[in-house]
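Here chain A shows up in two complexes: once beside chain B, once beside chain C.
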Partner chain A sequence: MGDGRRVRMTKQQIIDDIHAGMADGADAARVPELSEEEMERICEIVCDKNKIVSVEPGKEVVLSKDAGTTKFNMANNGCGVGIPSTGLLDGQLIYERCFAFDSMEFAWMDYSIKPTKAVIDFMLINYEQMSQMTTMPLVMGAMPNMGLYFAPDGPHANPTDLMREFKIEESMAASEAAADQLTNDIGYICERIGEVGCEGFDFDTTASAGDAEFVATLRGIENYRKIDPEAYIECGMSAENVLGIHGSMEYDGKIVAGMYPHEQVKLVEKAGANIFGPVVNTNSSRSFAWNVARSAVIVKECEKVSNIPVHVNLGMGVGGIPMCELPPTDIVGRSGKILIEIANVDGI
Partner chain B sequence: MQFAKNMKIDEAKKYVADKLEVDPFQLTEENYIRDIRDKLGIGIITGLPGSAMGMSAKMNMEDLLGIKIKNCEHFRNQLKR
Partner chain C sequence: MTEYDVRAKALKDAVISCKVPEILKAVEDAKADGMEAVPIIEIMSEAMGEVGVLFERGRIFLPHVLSAAAGMNKTMEILGPELKANSTGNEKSAIVVIGTVEGDVHDIGKSICSTMLQCGGFDIHDLGRDVPKQLFIDEIKNGATFCGMSALMTSTMMVMKDTIDIIVEQGLRDNVTVMVGGAPITQVFADKIGADIYGESASETTEKAKAILNS
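After this line comes the complex of A and B, so read on.
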C-alpha cells in the first residue's frame, strides 16, 4: 500500500487498481491514457513473484541524486542513517566507488538556497578539492525552498497567513517580493560556484512553496544559463502539480499554477536546464498498483514531450513508492522497472 | 552526455559506446567495461594503485568524449606551466 503496509490482493483487484490509478492520473494531468498492453505489462511486473525485480541488461538508466551525501550523517528526520562522518568529502567517494553512482550533488546539510548562501565559501573550498578526487559529474545542489523567506524565518510576511486574513493583494505581493529575493540569491550562488570550476547545479524539490517559487527558480536557471552556457543544470520538482499560492505568476507568458509535469518540463527546458525531474505524489491510502500506474501515465507524457532527459523522482512518497521511512525493496525495483519500460524515463 | 549535450538515454549510451568502441549493451557489463575503463584511463571503482582516477580520469574522458569538463578547465587554468 501507499503507506508501506504489505497486503494480499487478487490478480483482478490488481488489474482494477491499475486501471483506476491510470485513469485518475490521466484525468488529473489531462494526458492520454495508457494502452491495454501497457497496463497488462504493469500487471505482469507488479505480480512478479521475485522480491528483487529489475530491467533487462542493456535497459539500465543513470541515477542523479537528491541532497547528495547529507543522508550519511543526518538523523532519520532528515532521512539520514546517522553515521558520524564528513559526507561532503568521504561521502562523495563512497557514493562513487561503493554505490557506483552516476552523478552526485555537493550539498550543504541545511539543503536550501538561503542557508547555502551563508556558507558559500566553505562549500567552494571543499568542492574545489573534491572535484580533483572524484570522477563522476559533481554539481552543487539545494532546494530553492522559498518558505524560508517568509515569517517567522524570513523577512517577508507569510502569504498563507495573509490569505487567512483575506489580505489577498498583500499575500500576492509578499510572494512576489520573496521570489525576487530567491532569484537574486540563486544568482549569487551560481556566480560564486563558477569561481572553482563547479560543473553545475541541481535545483531540487522546486516549487515546494508554490507557483512563485517555481517562477523564481526558472528565472534563476535562465540567469545561470546566461552567465555559464556550459553549466550542468538539473531541475527536479517537489510535487506533481504547481500549487497556486499566488495564483497569477507567469513564466514565458504562461500561468504556472496548476501545471503538471508535461507542462512544467517545457518551461524548465525553455529556462535552460539539461535534466528535468518530474514528481508524481503517492496516495498513501491506495495500493502500489494504483499509485505506480498513475505515475506511469503522467510521467510517460512528460518524457514524450520533453527535449531534455527526464530523471523521474523515485523515493519515499513519490513515483509509486510508499510514504514510509524504509521503502520496501520489492516496490522500489518494480517502480523503477515500470517507469523505465512504460514511461521511457532517461534516469532516476 | 545527458548533462553536457542534453542527450536522452539511448542516444547518450550510443555516443559513449561508439567512443569506447564497444556495443551499448556492454556498457553495463561490469567486468568487461572495468578492463576497458582501466585501459583507457577513465576511472574504475576499485582501488588499483597507478590507475587513473579523479582529475586524471576526467581529463582522459574529455579527450575520449570530445567534451570540456568545467573543473578540468579550472584545474588547467591554475597550472603555472
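After this line comes the complex of A and C, so read on.
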C-alpha cells in the first residue's frame, strides 16, 4: 500500500486497481488514457514473482540525484542514514566510486536557495576541491523553497495567513514580492558558481510554495541560461500539480497554477533547462498498483510532449513508491521498470 | 424550471464564479424577487461545497475559494438582521485549533485545510507549523472543540499519537474531536492512534467536521 503496509490482493484486484489508478490520473491531469496492452504489461510487472525486477540490458536509463550527499551524514529524521562523513567530499567520492553515479550534485545541508546564498563562498571552495578529485559532472543543487521568504522565516507576510483575513490582494502582492527576491537570489548564486566553472544547477522540489515559486524559478533558470549558455540545468518538481496560492501568476503568457507535468515541462523547456523532473504524488491510502498506474499515465504524456530529457522523481512518496522510511526494493524496481517501459522516461 | 429554480441557479453560479460583485448582485436580485434569507444561505452553502470540489480537482485555486468565501461573508452581513430575527437559536459553530505538529515545518497543506475549514464556517485558531504539543492542549482547555493536526513526514506523524495521549491523560478527550491529515496519514493510522477524523483532502476534512458539528 501507499503507506508501506503489506496486503494480499488477487490478480483481479490488482487489475482493477491499475484501471482505477490510471483513470484517476488521466482525469486529474487531463491526459490520454493508457491502452489495455499497457495496463496488462503493468500488471505483469507488478505481479512478477522475482524480488529484483529490472529492465533488459540496453534499456537502462541514467540517474540524477537530488540533495547531494547530505543523505549520508544527516540523521534519520532529516532523511539521512547518519554515517559520519564530511558532507561534501567524502560523499561525492562514495557516489562516484561505490555507486557509479552518472553525475552528482553538491549541496549545502540546509538545502534551499536562501541559506545557500549565505554560504556560497564556502561552497565554491568545496566545489574546486571536489572537481579536482572526481571525474563525474558536478552540479550544485538546492530547493527554491520560497516558504523561507515568508513570515516567520522571511520578510514577507505569509500569503495563506493573509488570505484567511480575506486580504487577497495583499496575499498576492506578498507572493509576487517573494518571487522577485527568490529570482534575484537564484541569479546571484548562479552567477557565483559560474565564476568557478561549475557545470550546472539542480533546482529541486520546485513550486513547493506554489505557483509564484514556480514562476520565480523559471525566471531564475532563464536568467542563468543567459549568463551561462553551456550550463547543465535540471528542474525537478515538488508535487504533481502547481498549487495556486497566488492563482494568477503567469510565465510565457500562461497561468501556471494547476499545471500538470505535461504542461509544466513546456515552460521548463522554454526557460532553458536541460532536464525536467516530474512528480506524481503517492496516495498513501491506495495500493502500489493503483499508484504506479496513475504515475505512468501522467508521466507518459509529459515524456511524449517534452523536447528535453525527463527524469521522473522516484522515491519515498512519489512515482508509485510507498511513503515509508525504507521503501521495499522490489517495489522501487517495479516502479522504475514500469516508468521506463510504459512512460518511456529518459532517466530517474 | 420555476422562477425559484432560476434564481437559485443564479445564486449558485455566482458563488461558483468566485467573484464578490457577482455574488452580491445575485443576492440582491434574489432578495428583490422575494427569496428569504435562509434559503439564500442554504443555496450558497451548497454552492460553496461545489467550490471546494473544483478546488480539489485543481480547476480553481485558493484565492478563488477565498473570494467566494468573502462573498459569503458579505452576504451574511447583508442578511444578518433578517437571519437574526428568524433565528431558532440552534445554529452551531465551533473553534478549531489547527497546526502542523512539533518537529515538522511543512505549512501549506495545513494552511489550505485551515482555510477550507474557515470557509466552512469554523472559527480557526491556526497555530502554524512545528507546534509544541502543549499549545494544542492549551487551546482545547480554552474552548477549542476540534483539534486538527497535520504531518508531512513519517518521522513526525507519531507526534499526533503523543498529543492524543496527553489529551486523554488530562481528561480532555470527551471535549474535543481530533482530526489528522497529511501525506503519510491514512484512515488505518488515524484509527490506530485514536483520532476521530481522517481527511484525505481539505474538502473531505471540512465535510467530516461539519457532519460531526451538526450531528
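Miscellaneous remarks
Note that the second predicted complex is superposed on the first by the 348 of 348 C-alpha atoms of A that agree within 3 Å, B and C clash if a C-alpha of one lies under 4 Å from a C-alpha of the other, contacts with A are read in each partner's own complex, and residues count from 1 in each chain.
Just so it is clear, a contact is a pair of C-beta atoms (placed from the backbone, for glycine too) under 8 Å apart; a residue touches a chain by one contact, two chains touch by 3 or more.
No experiment lies behind these values; they were computed from the predicted model shown.
By the touch criterion stated above, A:Glu230 is placed in contact with chain B alone, chain C being left untouched. Once chain A of one complex is fitted onto chain A of the other, the partner contacts of A:Pro115 are absent, as it touches neither chain B nor chain C.
In the superposed model, A:Gly244 makes contact with chain C only, not with chain B. When the two structures are aligned on the shared chain, A:Ile308 is found in touch with chain B, with no touch to chain C.
In the superposition on chain A, A:Thr160 makes contact with chain C only, while chain B stays out of contact range. Judged by the document's definition of touching, no chain A residue lies at the interface with chain B and also at the interface with chain C. Those residues of chain B that touch chain A in the shared complex are 2-4, 6-9, 12, 24-25, 28-29, 42-43, 45-47, 53-55, 57-58, 61, 68-75, 77. Of all residues in chain A, only 57-58, 60-62, 96-98, 100, 103, 128, 131-135, 137-139, 196-200, 230-232, 234, 274-275, 307-309, 345-347 touch chain B in the complex they form.
Across the complex, chain A is touched by residues 57-64, 66-67, 69-70, 73, 103, 107-108, 111-112, 114-115, 118, 124, 126, 128, 153-156, 183-189, 200 of chain C. Per the touch definition, chain A reaches chain C in the complex via residues 1-3, 5, 28, 76-77, 147, 152, 158, 160-161, 163-164, 166, 168, 171-172, 208-211, 241, 243-248, 257-258, 260, 281-285, 317, 323-325.
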